[in-house]
Amino acid sequence: MKRTIIPEIKKEMIYKLAQRDCREDDRSPVESRPLTYEINTIGTAEGSARVKLGKTDVLVGVKLQPGEPYPDKPNQGVLMTGCELKPMAHPGFESGAPSEESIEIARVVDRGIRESKMIDMEKLCIEPGKKIWMVFLDIQVINYDGNMFDAATIASVLALHNAIVPASRFDLGDDFPVPVACWPLTTTFIKLHDLLLVDPTLNEELSADLRFTVSIDDNGDFRAMQKGLKGSLTYDDVIRALDIAQKLTLGMRSRLIKGE
Amino acid sequence: MTDNIKLIGKDGLRLDGRKADELRPIKIQAGVLDNADGSAYLEWGNNKVLVAVYGPREAQPKYLQNPAKAIVQVTYNMAAFSSDERVRPGPNRRATEISKITAEALENVILTNQFPRASIDVYIEVIEADAGTRCAGLTAASVAVADAGIPMMNMVSSCAAGKIDGQIVLDLGKKEDNFGQADLPIGLVARTGEIVLLQMDGHLTQDEFKTALKMAMEACKHIHGLQQEALRSRYAVNFADMDDGEAEQ
Amino acid sequence: MKRTIIPEIKKEMIYKLAQRDCREDDRSPVESRPLTYEINTIGTAEGSARVKLGKTDVLVGVKLQPGEPYPDKPNQGVLMTGCELKPMAHPGFESGAPSEESIEIARVVDRGIRESKMIDMEKLCIEPGKKIWMVFLDIQVINYDGNMFDAATIASVLALHNAIVPASRFDLGDDFPVPVACWPLTTTFIKLHDLLLVDPTLNEELSADLRFTVSIDDNGDFRAMQKGLKGSLTYDDVIRALDIAQKLTLGMRSRLIKGE
Amino acid sequence: MTDNIKLIGKDGLRLDGRKADELRPIKIQAGVLDNADGSAYLEWGNNKVLVAVYGPREAQPKYLQNPAKAIVQVTYNMAAFSSDERVRPGPNRRATEISKITAEALENVILTNQFPRASIDVYIEVIEADAGTRCAGLTAASVAVADAGIPMMNMVSSCAAGKIDGQIVLDLGKKEDNFGQADLPIGLVARTGEIVLLQMDGHLTQDEFKTALKMAMEACKHIHGLQQEALRSRYAVNFADMDDGEAEQ
Amino acid sequence: MTDNIKLIGKDGLRLDGRKADELRPIKIQAGVLDNADGSAYLEWGNNKVLVAVYGPREAQPKYLQNPAKAIVQVTYNMAAFSSDERVRPGPNRRATEISKITAEALENVILTNQFPRASIDVYIEVIEADAGTRCAGLTAASVAVADAGIPMMNMVSSCAAGKIDGQIVLDLGKKEDNFGQADLPIGLVARTGEIVLLQMDGHLTQDEFKTALKMAMEACKHIHGLQQEALRSRYAVNFADMDDGEAEQ
Amino acid sequence: MKRTIIPEIKKEMIYKLAQRDCREDDRSPVESRPLTYEINTIGTAEGSARVKLGKTDVLVGVKLQPGEPYPDKPNQGVLMTGCELKPMAHPGFESGAPSEESIEIARVVDRGIRESKMIDMEKLCIEPGKKIWMVFLDIQVINYDGNMFDAATIASVLALHNAIVPASRFDLGDDFPVPVACWPLTTTFIKLHDLLLVDPTLNEELSADLRFTVSIDDNGDFRAMQKGLKGSLTYDDVIRALDIAQKLTLGMRSRLIKGE
């Protein structure tokens, strides 16, 4: 995003609210925004999900096609995750090659899914050493109001859980569901001076010193983390954030599994 | 190679049960995006299109600025997952051409001379494609520009006619587009009858062309009603003021 | 082309002339500029033609080489049409990636040739599903004075009619002519307020509200159309333009076939 | 696929003979490049990293300038021959991410508000890679920035902990990185305990994470000593003035 | 692999019947393009080259401007169809190098200090290639610069000598270039004997080199006459004024 | 390099020194700067060398991997030479695509090695027409103080002389040394008005009218030449430069062969 300036007075207001455990939209510091989602709205995708987290609106589509395996992993499918932050989503985004911001989002989302071994890559082998399924996970941001990390992860996980391997289209046997095992989810924090807030809005992100994302698996174990922005965390900050994240992802996971 | 696919049945109906001059279902919604100055969402058959509009704002970089009027910049893009075969992200020649002719169509109706040095930026994202995306994009873009409150003389409505199994039909679907004999997408200012987008490919005799052009023009008038309806239900006011007395139509 | 400004007084003059059925170069509104051409001047091309339409000067070269077919057309050759508007041709053109203007020219020329089925693509299959001939049609503009569409189409059709498949160079049997069936030709109009002019010069193009090109086959049927620029056409404009185009392409075609 | 590779022997030692909390040998040299304003060379196991720093200088192009402070731009690059498989020249997504988080870590300690509109440019070239290049790069970059005389509150020290064969260990080597179970690279302001870079991938329970984070933080403190030593031997003066009384540590 | 191809016959003549020191036929025409400020068309054997020159005009973008003199920018390009194997459009490393050395050769003779901040832009399009295109391009470019009326001290003439079958010969043809042993293209200011372009590749002893260089220099003098002739017939005036009394040669 | 201006007074000083056969660093006009080098410092490279020529500091790494031969040379390996002049080496260099300056360096170094037939390309054929070894020679400039041509050539030749074909890593038999035959070396001159100086520093290069590089093989024969910059050479200049270059490369070669 082009350097978007947020007035100092706005920043201060956000901080002062946070000091009283309040936020602009009346949430508590450890409360996520309302989540709504739709599944498989895109008929041309092998799987898709559109997620709204507050006003952040993201669409993820999964496409699969046969390809060649990496030489060092001859019997495993390949996951490719892309993200584009386009002007549609916010006037501060620019057309053109992916920005470093969008690359970071794609890589952090990818890491959570990959490291949790959510996708059983060996079941995506067609012919060892020759042909595997390539899974393309494309993240399209529709409206940006902060915290793409969590919104894009939820949408990606939902899209994968509902995706079908289009084997018949390629004369490779019957279609079958993309083999997925679990529900890796992330919680993203910002730090304002000494305070941590989850699921930041764009205004909160722009006021923040630091952003911190943690990806958590079905057991509550950690699968990926990423600190961003110039600020710093203490050891205690980290431990506290991880505690909060474990609780939040637990609740979110059970909700998603129930299909709520 | 597969010209032997039958696209019109013995009952005279098309694969999806439509009559020759029947449009696929169209649904238009204005004002769907929070950050954009104007926006629209459109479903047309299985086409799904989102449009965001920004502007008038200062044209960047500066050498693009026209001291006499606003420039209109359109970016048409197909999402990676919008098609059976994955679309590689980034611009391609087809998208560049569609962006250009869409901008030229919109420029015709936007009062660009009210905003020297400005840019009006239109982003068309096709999130699911089902033949006819350029018409869907232009139709939705008109609504989004209106939603942004950018002064226009009129809206542009867009639709294609074509030829399948030797017969002129309206609004080709995906299979009809792949195996048909001609496609004629147009953009029309429904109120004035001005054609602001016109392309054709395939094979049409002079008579066939005339039939097809008239059919597409008629359909555009119908689509214009849907566009007005979308703006009306967005603003829940009589739209007459905005579109110059067209509301009675 | 960089925004090339033409003085208002010039535009008015062009329009006033047109109102009296006149033009700067003493043509009538429905008269093309003098055409001259040379064939196969480029020894390294499989076919080539240089066409001068007034001061517009364009060189088209055809190259063929073996390649892979598209999966959905396993037994057909492939046509690739490129156009570059380089500074050599006009000071308003810039070096670098093809502009949207040059992409439009290439795609419209390509469409006229492709849709008329001028090239018998099935005869350019070498081994079904594996190997076909790729036909590269490269349009090089030498001097630009308006109406690239018609000049480039004429040059492309002439170059293809005189092109040889270089089979022997690739050990694929004897050389043979590129299998061509017909003479698709275009007529390009501009509209100045209410008036239509064919084969515009650059000054006329820069004064125009609209550009309209139609591609017509040997039967007088339509194969491709393209409206450009911000102006509009009425139904009657279109019908009138098509009538004129049918006559002009008919005359041009018989002249080219005779080799005049 | 090769989780059956044993990375810890029966003697409790790792493939290269290290104990669980033992760093690979580290050698740091400041001021190794003639043209750069500041520079450093670092060897860490078989990692070899060169860093050049320029600035503060006017940020170019001008739209990058921040009127309130200097920007910090980092370019992390792996030389074509730095890896078993040749690295294609030019930026890639991994390098872009590492450049970004490294810049953000350095921005934390550089007194950027002293230099409005300026840029501080850090070029990290990995000329041989052996796992842990981002930590090596950030550690060397801190020394190079100090060597350039750019005001910093503190230096950043960087190191990773990880998990192999179910055990938490310090500073993964190449095989341990390829066949291990988790990696946790951090950047630490050793004097204050502020964590300015933090990434993790793999699988760690809460207890494992705590052990690993503490282990990495301890190692960073040791590395901080090596960084100071490198600057000291470069300038052959008591370093106390420069690093705010840290020299006694 | 095919060093056994005989390039010189028993009669001492080359494949195309030329003697060792014989040029291929050369035809030069000035002022062939309507829009360019200056232009030239040159045929040299089967080489066919078009050159357009613009300038002196304001150098764009501005950071390219030199406050002391004009810059000379050359773009050498081979058309897609100029070679047996299709040439992919866009710049490549060979074209970049040739553009650079051609610009440097021309800069030597153009009175650039008369036009501070200006650019002189030379576009060389090889539309058919037959070995020796850089010499053909530079020779034609000199004529086109003169045709543009841009003040030059002298023209540059260009030609190559080389070695085939162990013998020094002038102006290698395509087969001689592919299967020969050395190529030595030069650019010469014929009037003064200054060498402004000099490249060599292959294998030459010191004696062979001297012979080849002298042979190429002699040929350049002849080519200079052809260049003057092209300008003379373009302007149909005595060329003496323009080229500083060289017309008598 | 961005236009780096060197003050006129500095230029004059350099010229005046040269007129008295002197130079800033007390060398004679025909004397190279002190050379030091290290071999195979980069464990991941198949061969490597770091060369310091005065303050010019360059690192060359050789990588080999299997690839496809060119159709016209089915039984020969392929050499690819790249050079990047990055900001690390000098503040005047910019990030991004290789500049024309770096392309020229890579091509001239490549030419000297290629034309001397230093590498026996036929011994790098694995399976004729199908598989050959690709030799990647990557030149990384660490500190730039003029005369990259000679420094990069020395480093390249040293790296190749000490490089190993990593056949075993690709299951292609035993490793073996890259087959090299000779020691092509270059000498680079600048011309200041009428004077020739070898091995120029950056200040000297920036003062120069002309740069001239000659590549010489073990027999003292010429394998490549390149004149750069806007200046000119007379016939006598060239002959004198070649004499000097023959002597200098002879000395350098015997020193390198001895490993000094």
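So that you can tell them apart, the chains are marked A, B, C, D, E and F in the order they are listed, and the count of residues begins at 1 in each.
Just so it is clear, a contact is a pair of C-beta atoms (placed from the backbone, for glycine too) under 8 Å apart; a residue touches a chain by one contact, two chains touch by 3 or more.
Just so we're clear, the structure is a prediction, and the values are computed from it rather than from any experiment.
Chains touching both chain C and chain D: none. Contact with both chain A and chain B is made by no chain of the assembly.
Ranking all chains by how far their C-alpha centres lie from the centre of chain D, first place goes to C. Work out the mean CA point of chain C and of chain F, and you get 48 Å between them.
Centres computed as Cα averages put chain D at a distance of 53 Å from chain E.
Centre-to-centre, using mean CA coordinates, chain B is 59 Å away from chain F. In terms of inter-chain touching, the protein chains here make up one closed cycle, each touching precisely two others.
Circular chain order, beginning with chain C and continuing to chain E, reads C, E, F, D, A, B (contacts as defined at the top). Considering their complex, residues 33-36, 46, 48, 50, 52, 54, 57, 75, 77, 79-86, 89-90, 121, 123, 125, 127-130 of chain E touch chain C. The part of chain A that touches chain D in the complex is made up of residues 3, 73, 75-76, 100, 103-104, 106-107, 111, 114-115, 212, 214, 217, 219-235, 237-239, 242, 246. For chain E in complex with chain F, the touching residues are 1, 66, 93-94, 96-97, 99-101, 104, 107-108, 184, 189, 193-206, 209-210, 213-214, 217.
The residues of chain F lying in touch with chain D in their complex are 41-46, 48, 55, 57, 59, 61-63, 65, 82, 84, 86-91, 95, 97, 136, 138, 140, 142-145, 169.
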